[in-house]
Amino acid sequence: MEALYAITTGILTASGVYLTLRGRTFPVVVGLTLLSYAVNLFLFSMGGLTTHGAALVGTSEHYADPLPQALVLTAIVIGFAMTAFAIILAMRSRGDLGSDSVDGNRTDREDPRENKA
Amino acid sequence: MTLPWIPLLTFLGVFVPALAIRGGRTVCALATAIAPAIALGLVLYFYLGHDGEEVMRTSMQWLPALGLELAFRLDGLSLLFLLLIIGIGLLIILYTRYYLSEQDSMSRFYAFLILFMTSMVGIVMSDNLLLLWGFWELTSISSFLLISFWSHETTARKGARMAMTITGAGGLALLAGIMLIGKVVGTYSIETVLESHDLITSSPLYPAILVLVLLGAFTKSAQFPFHFWLPHAMAAPTPVSAYLHSATMVKAGIFLMLRLHPALSGTELWTVIVTLTGLVTLVYGAWFAFLKTDLKGILAFSTISHLGLITSLLGLGNSLALVAALFHIINHALFKASLFMAAGIIDHETGTRDVRKLGGLYKLMPITTALTCIATISMAGIPPLNGFISKEMFFTEALSSQQFGGLAWIVPLLAGLGGLFSVAYSLRLAYATFFRRPRQEPPKTPHEPPWLMRFPVELLVALCIVIGLMPTLPQSPILEDAARATVSGEMPEFHLSLWHGVNAALLLSMAVIAGGIVLHLLHRHMMRFNRQFRPQDARYIFEAFVQRLVGLCQRLIDRLENGSLQRYMFLLMAVSVLAMALGLADLDMLTGNLAQQTLDPIVALGAGLLIMGGVLTAALHRYRLISLLMLSVVGLVVSLTFARFSAPDLALTQLSVEVVTMILLMLALFFLPQKTPKESAGARVVRDVLIAIGFGGAVASLNFAVLTRDLDSISRFFIDHSVPGGGGHNVVNVILVDFRGFDTLGEITVLAIAGLAIFKLLNRLRLFMPATDMEGRLWSDDRHPTLLMVVSQTLLPLALLVSFFIFLRGHNQPGGGFIAGLITAVALILLYMSRGVEWAQQRLDFQFQPIAIAGVALSTFTGLCSWLFGYPFLTSTFDHFHLPLIGDIELASALIFDGGIYLAVVGATLMILANLGKLTTAHRPNKDIP
Amino acid sequence: MMQHLPIFPVLLPLVVAIILLRKREGVDPVRRTISITATALLVAVAFWLVSQVAGGETLVYRLGNWQAPYGIVLVADRLSAMMVLLTSLLALGSVIHASGGEDNQGSNFHGLFHLQLMGINGAFLTGDLFNLFVFFEVLLLASYALLMHGGGKARVQSGLHYVVLNLAGSSLFLIALGVLYGSIGTLNMADMAERVSQLPADRQGLVRAGALLLLVVFGLKAAILPLYFWLPRAYSSAPAPIAALFSIMTKVGIYAILRVFTLIFGEQAGGLSLLAQPWLWWGGLATLGLATLAVLSARDLRMQISYFMLISIGTLLCGLGMEGTASRGAMLFYMLHTTLINGGLFLLADMIADQRGKVGTRIVRSRKFRYATLLSALYMLGAVSSAGLPPLSGALAKAWLMSTATLSEGLWLWPLLLLSGLAGVVAASRAGSTIFWRNSNGDPVGEPLSRSKLTGTVMLLAWAPILVMLAGPIGGYTTATAEQLADTVQYRSAVLGHVASGESVDAD
Amino acid sequence: MIGIALWISFFLVAMAIVLNAYRLLVGPSLADRLIALDTMYVNSIALIILYTIWLSSRVYFEGALLIAMLGFISTVAVCKYLLRGDIIE
Amino acid sequence: MLIKRCLPRPILSLILTLVWIMLSDTITYGSVIMGVILGVAIPLMTQRFWDAQPVVKKPMLLLRYTLRVMLDILIANLQVAWLIGRPWRRPRPAFIEYPLTLKRDFSITLLASTISLTPGTISANLRLDGRSLLIHVLDTDDEQGIIDEIYNRYERPLMEIYE
Amino acid sequence: MAWLDKAWVDTALEALTAFFLIAGALITFISSFGMVHLRDFYLRMHGPAKATTLGVGLILVACMFYFLLIDRTFHIQLLLVTIFLLITAPISAHLLAKVALHQKLPSDASTTGAPSELREEDVGQEPDTPHPEDPGSGQRHSP
């Protein structure tokens, strides 16, 4: 199970990294989100994979490590805040720079149907 | 502790002009002179009231860790230079009063001048190499300011920059040399360094030290090949040239060589480098002085030449040569300063410095002519003036030099050549300016300057004559003491006199004078001869060099920082892969000591879904909506994974966050182009795939390696203390609100900031709004589907109920303020989605920012309450209460903290989403045809 | 109150931010007064903190009254206190400058400013690695917001790069944290240090991977060579007071490196001891070298200042990579100098831009403007100090750092450092003479000088001479700081008390 | 008895999810993918309930509740996007 | 008046109290009191988000209607399962326009939901004018029959309950 | 509730649990199966709209029985999920159908009735659904 878990995390991370290397804001933001999912999975597993051990006192004999869970929770929230900001920033950069290229140096010629509102 | 007063006084003088200028120009000049005058008095007072043998020293710790001390010394060498610096400085102040025009800011000029004087005083008085270096560079800076005084002129700016660059660079080399000396000797104290001759010269670092120190000295003293800045520094006002470029600053290099002479000299290396450089400079400078047409240009090259002369004397190294050098320093300062000032007067009166335009001035300005001619004669080394005496001494030393073995003749040859040219250019200077019939009228009709302007020249010329006639006058105590400070061994007996009898030196002198006259007569031919060489203006070369360098740098940097996030991100990822790989390479075995758990099919299914979702999100990224749906699958399965591996809180949080993220991404999808064009070339894709695989592989390996190793962690404590210490059964929640509540406080602060930041970003944002979807269809006209509207209002109370429930039980069961907050926010957002922003805004007629902030505030103040009980921030407390009918209720202060989280989450999330929605309503094209 | 001192620098800005952000309305004098007063108060608190720890004591603040390593602790030792003081000094100058009008360009400036201060101070004070992450995020997000303050294309463009890279950096941080927790089992830095020193051999690779990844993350923040490319544009496009405050942001990275790689992976860390050293050294040299070329290439004054900052970063990294505590002392002194002066220069550039009209800070010929003398004098002060020429702080700091290099280190460091100084001189004199002197004819024009902008700028640039004058005591403090850093045992026992790691204790 | 039934159910629900995934992959239309995703949400509720039975612990019940609610909302969001583009207008 | 102001939606309050009790999974004094508090508080809080609501005229009929729908859901599902499960006969789908007599959004929503939940029909689109409902039927030969059935079985009771 | 302690109750509960489990799972499976093999979108939509709701509902009932079996308490809590689904599922289905109509997804050839939403002739000329302010453009079909 551990091996599969690790491989899954790895693949998710790889997908996220690949997306962050794209040249448009949207895939980059999606990539960052994906990356943060993967990283959360990774961080979560650092306390070991426990079945039937929710960290509620009195419900089990062996508990899952609660600390990584708390850390991941914090990380999820922070990641959410960051992703939200990045998304809006992507929109802002589209609005200001007229392109969704991460470098702002290409125009949106490929999408002639859009007109400025 | 009195010595520091000398530099300090002069330094305080920097501020005087700005204050005194209100009283008028004369008052300003007088006031400016006060501080240096007192300083000069102090110097003399100290020196004279002091036993000559012992060096006066004082030192104060400044930065002991560096070895920097505020240490000053006053010995003969310092005295000689101090007299020159302050004495001539005072004359310059006087001269300047008349030289500067009304438009020039006199106070500024004086301030710079005094600043420069301070730094020179500092150099010659420092008893610490680092301190010396400090003052050294300060002279570069202040000379930059002085040269560029007429900053509206290009030549002034460029000349200043060049001077600054070259001397500054030399200063940096000097610093390196000083550092090395410090490494060898172990201290920067000059006193100790001077006693460490053997230590330094025997060190393997000696060549480096010597070269670096000499680089500093040579650049400052305009030695070949670093001389070229000096002529261009002549763009400065003449008092500056007179002061800096003849009497003082250029002598700083000489001073340095003198100061460090006891420590560094006496080796073959020293002799070869210093002597040859000096001689070459001597000849080179003199030759070009002969060819120059600008009055100050002639003087500048002549200065270079004379500095070469002094340098070569220093290189020769025996003690008499040193004395000659010291003597010539004085002489040169006297005649050159006066010449510069005279040139300034001529420039001032005629409006030009070009000797081709001048001539016949002796009729109009007889006194100035006389003064200039005397100084020129001194410069040419013609008896009976002081210049002759020191030149004689130079020839004597040159003729008797024993260095260079079989090539020893080269020294007198070059010395003679230099002398020859210098006679020639001196003659030319005097002749062309004063006696030749003018070829054209000068721009202004000249007459004698005001007496006080001429006075400094007169004084200096008088000194030239006096010393020429009575050369023993400065011998004691000035020259002797200065020589004693410089010469490492026994003080030589020496006697300065005009007439030494007929000897080789005298013959050489005579020959040189005669040759000089001949050369002067041949001047026109010489000019023609010179014209066949391509004129190479150092300024253009230098500028071109700098320009090229800058251009090169620009191209390089533009290439590197090409503004491509893709590249930066690639580098980041590549470096990270490297970091992880290096760690993994250090691992003996990937698999650790723990046995793996058996795989159950449901987990396998989940993994399969995750892999599918992840890979497809990436692979289909150009179809943005599909990619997003895949991301959604990943989000769902991740939360299921959390549930599967005993983390209910995480599952709940992940789910709610995932939905809000989806909503945000949908919004982005609308405002961003809906498809990604294919623009990455194949190679780029391959590169990215490789780096992604590398990264993923490294992460997977790390994950596996950690998972298969047992862990001795601190988490047992949390499980043990959750109930007794934190009053909650849900350990994760107790960690969040109690054990690590501080993290959580930070986390909700982040959330609140995100809200604020997004609000900021949306300010005045106008976005493209596509009129059709990505397949070209117009949008549906049904803005708010009825069914959805009805259901959303039905769901709202239920959602609030659920969120309240989840909030309340968070401490003991999965849940808590964060999830509750997100549920509330999402339910409200559903309203926004179904009914539109306007509708919702009317009903939610309060701002969200105060809510978010109130949440943070609530949590913070809950934490602060513990101060009242003398506990640290965020210490929690809990108790059981018994209420009739209801029974036992457990109330923990952490619950209030959690309430803060709830509020912050609701406020921040709504700030993000509602503001975003509001942004678009106003100008949405409802029905436009593309 | 005394026992709560270490948390003041975090709570004070937070509370002030809460007060300032209650409502959303624009800036008013009250707001500015609150903000400036609070920052001044922060300076006072920071001084107090420094005075408390100057004797070598380490103050430990146990949040929630939980014993380390279980709870989060704030640790104020000499280094932390110094950094907090530095931050507050810089912030005071920036916020006063901002009150000259920049704060009105967008919403919530002062509130976000204080939140950023909270993040920075928290990062300096925390003794817990995950908490460090949280504070990193606080300060980053606040910095993103402030970077966008006032809007504009350049800001959005460079901001996007900055944000995306740092987001990726946050993910890397989490991976690193995960690996470290997963193989060491604790988050408290002191406890980590304790455990790393007796780490089983089969985990060393894991910890090394985590540590190096952490180094990458901190290197990204600090802008080490292959990761620095985002910095120049971001800093040069940021609003001036923010750019000034940003000059401490890179130092947060430097601080984190210093803390983590002396405390946890310092000399006592067994097989992992000093594992970052070569990377820092060569990375620092490379950064320094490239920055030297870059500073020559600048076409804009702000860009040039950014490259000055990059030079300083290279220098600091070299200082980190060098051996021995002596260089640390020098490096810390250099850090004080460069942070304040660079901050002041950014502020100054803004004032210059105000005067020059549409040319802004581009290094081109411009109209004649008022106050050129005053501004050029200030520029001179800053540039001379940045380039490392005497008599100002830069020279002292550089010389000190150079003198602490061993010969073999000096062989690399000295030429680069000196050349960077030379390049600085060339660049600054070119820029200064063009901007201030190459003017078209005509009467000088320009806006009236804002008094608060001037005050803020002078407050920072004044440190160039002050640092020199007080070099003795300040240098003594940094030297003592370096020594304290080397003495990890003292830190550990202060944080962990007498409790051996792994054994549980009762809290409350 | 319950054990066997549980495993059969697990299998069936898992297969259902696999089928959803198939539809999600294949499409062909966006609406198809969307409905597959929506169904996947609902099926994961079933999965969670089964897991609850397996563990005999009701801690995941809220998870089921939340999926029901949030799955709906995210489906609504996507539908709104497809219909109107702007989901919060 | 006071009652009306405190309990703007008595049924909703009742439902909320019940749901709270279900959520807390215990019937104790505490949970009931809490449920009542919330049942009163939440409608007050959310009142502003509600459109004007139809008054339930015949509560008993509503109950009967609910039960009938429940039963229909069961049957519907079995039918659908059967239709889907048998491969040998293709279903005969159809689009049907259903003319609405209901006027209020709330009751239309109830009807549409009911249609979607019950045998083989899904309400696919409510026309913008609110007059007709497009229904997709999974398997039918008799379109008018379905319209009549819907009308008699669901729409008329709803009319009676609400309008 | 003493009768709950009897042994036959256990057996009955076990049986009920198992039955509902399998019934629920089967319905869930079948609806998903239908989603795969039915011919057009409108047909595929029927499964998820209700079958999954029922499937989940049945499994929840099983779950209730199961907890009745092990705790001897009645967890009505679990019914909430079903209620939620009952409220939301038809709406999702409705919206999805709207999307499909909006996108003019073709219906299977055997479908009778041709709603105005799916008419091809309007594409690219006019807004495809009648607009309330523009009654002329919409065709009304009364049955």
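Every chain is named by a letter (A, B, C, D, E and F) in the order it is written, and numbering of its residues begins at 1.
Methods note: a residue touches a chain if its C-beta (ideal position, glycine included) is under 8 Å from a C-beta of that chain, and two chains touch if they have at least 3 such contacts.
Each chain and its UniProt protein: A = Na+/H+ antiporter subunit C; B = Monovalent cation/H+ antiporter subunit A; C = Monovalent cation/H+ antiporter subunit D; D = K+/H+ antiporter subunit F; E = Na+/H+ antiporter subunit E; F = Na+/H+ antiporter subunit G.
Just so it is clear, the model here is predicted, and its values are computed rather than measured.
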item	value
Chains touching both chain D (K+/H+ antiporter subunit F) and chain E (Na+/H+ antiporter subunit E)	B, F
Chain closest to the middle, measuring from C-alpha centroids that were averaged per chain	C
Distance-maximising chain from chain E (Na+/H+ antiporter subunit E) - centres being C-alpha averages	B
A-C or B-D, whichever has more C-beta pairs in contact	B-D
Separation of chain B from chain F (Na+/H+ antiporter subunit G), taking each centre as the mean of its C-alpha atoms, in whole Å	70
Euclidean distance of C-alpha centroids - chain A (Na+/H+ antiporter subunit C) vs chain D (K+/H+ antiporter subunit F), Å	21
Chain C-chain D (K+/H+ antiporter subunit F) separation of Cα centroids, rounded to whole Å	48
Mean-CA-position distance for chain B and chain A (Na+/H+ antiporter subunit C) (Å)	40
Contacts with two or more other chains, residues of chain B listed in rising order	563, 565, 569, 573, 644, 648, 667, 669, 698-699, 702, 706-707, 711, 713-714, 718, 739-740, 743, 747, 750, 753-754, 757, 761, 769-770, 776, 780-782, 785, 787-788, 791, 795, 798, 802, 813-814, 916, 924
Chain E (Na+/H+ antiporter subunit E), residues touching no fewer than two other chains	19, 23-24, 112-113, 123, 126, 128
For chain C, residues contacting two or more additional chains	130, 134, 137, 141, 144, 148, 151, 157, 160-161, 164, 168, 175, 178-179, 181-182, 187
Interchain contacts (touch definition) - all pairs	A-B, A-C, A-D, B-C, B-D, B-E, B-F, D-F, E-F
Partner chain D (K+/H+ antiporter subunit F), residues of chain F (Na+/H+ antiporter subunit G) touching it in the complex	14-15, 17-19, 21-22, 24-26, 28-29, 31-33, 35-36, 41, 44-45, 47-48, 52-53, 55-56, 59-60, 62-63, 66-67, 70, 75, 77-78, 80-81, 84-85, 88-89, 91-92, 95-96, 98-100, 102-103, 105
Residue numbers on chain A (Na+/H+ antiporter subunit C) that touch chain D (K+/H+ antiporter subunit F), as the complex places them	52, 54, 56, 59
Complex contact set, residues of chain B against chain F (Na+/H+ antiporter subunit G)	775-778, 780-782, 785, 787-788, 791, 794-795, 798, 927
Contacting residues of chain B [partner chain A (Na+/H+ antiporter subunit C), same complex]	563-566, 569-570, 573, 596-600, 603-604, 607, 610-611, 614-615, 617-618, 621, 624, 627-628, 631, 634-635, 638, 641-642, 644-650, 653-654, 657, 660-661, 664-665, 667-669, 671-677, 679-680, 688-689, 691-693, 695-704, 706-708, 711, 713-715, 718-719, 722-723, 729-732, 735-736, 739-740, 743-744, 747-748, 750-751, 753-754, 757-758, 761-762, 765-772, 776, 812-814, 818, 908, 912, 916, 923-925, 930
Contact footprint of chain F (Na+/H+ antiporter subunit G) on chain D (K+/H+ antiporter subunit F) as seen in their complex	1-2, 4-6, 8-13, 15-17, 19-20, 22-23, 29-32, 34-36, 38-39, 42-43, 45-46, 49-50, 52-53, 56, 58, 61, 64-65, 68-69, 72, 75-76, 79-80, 82-83
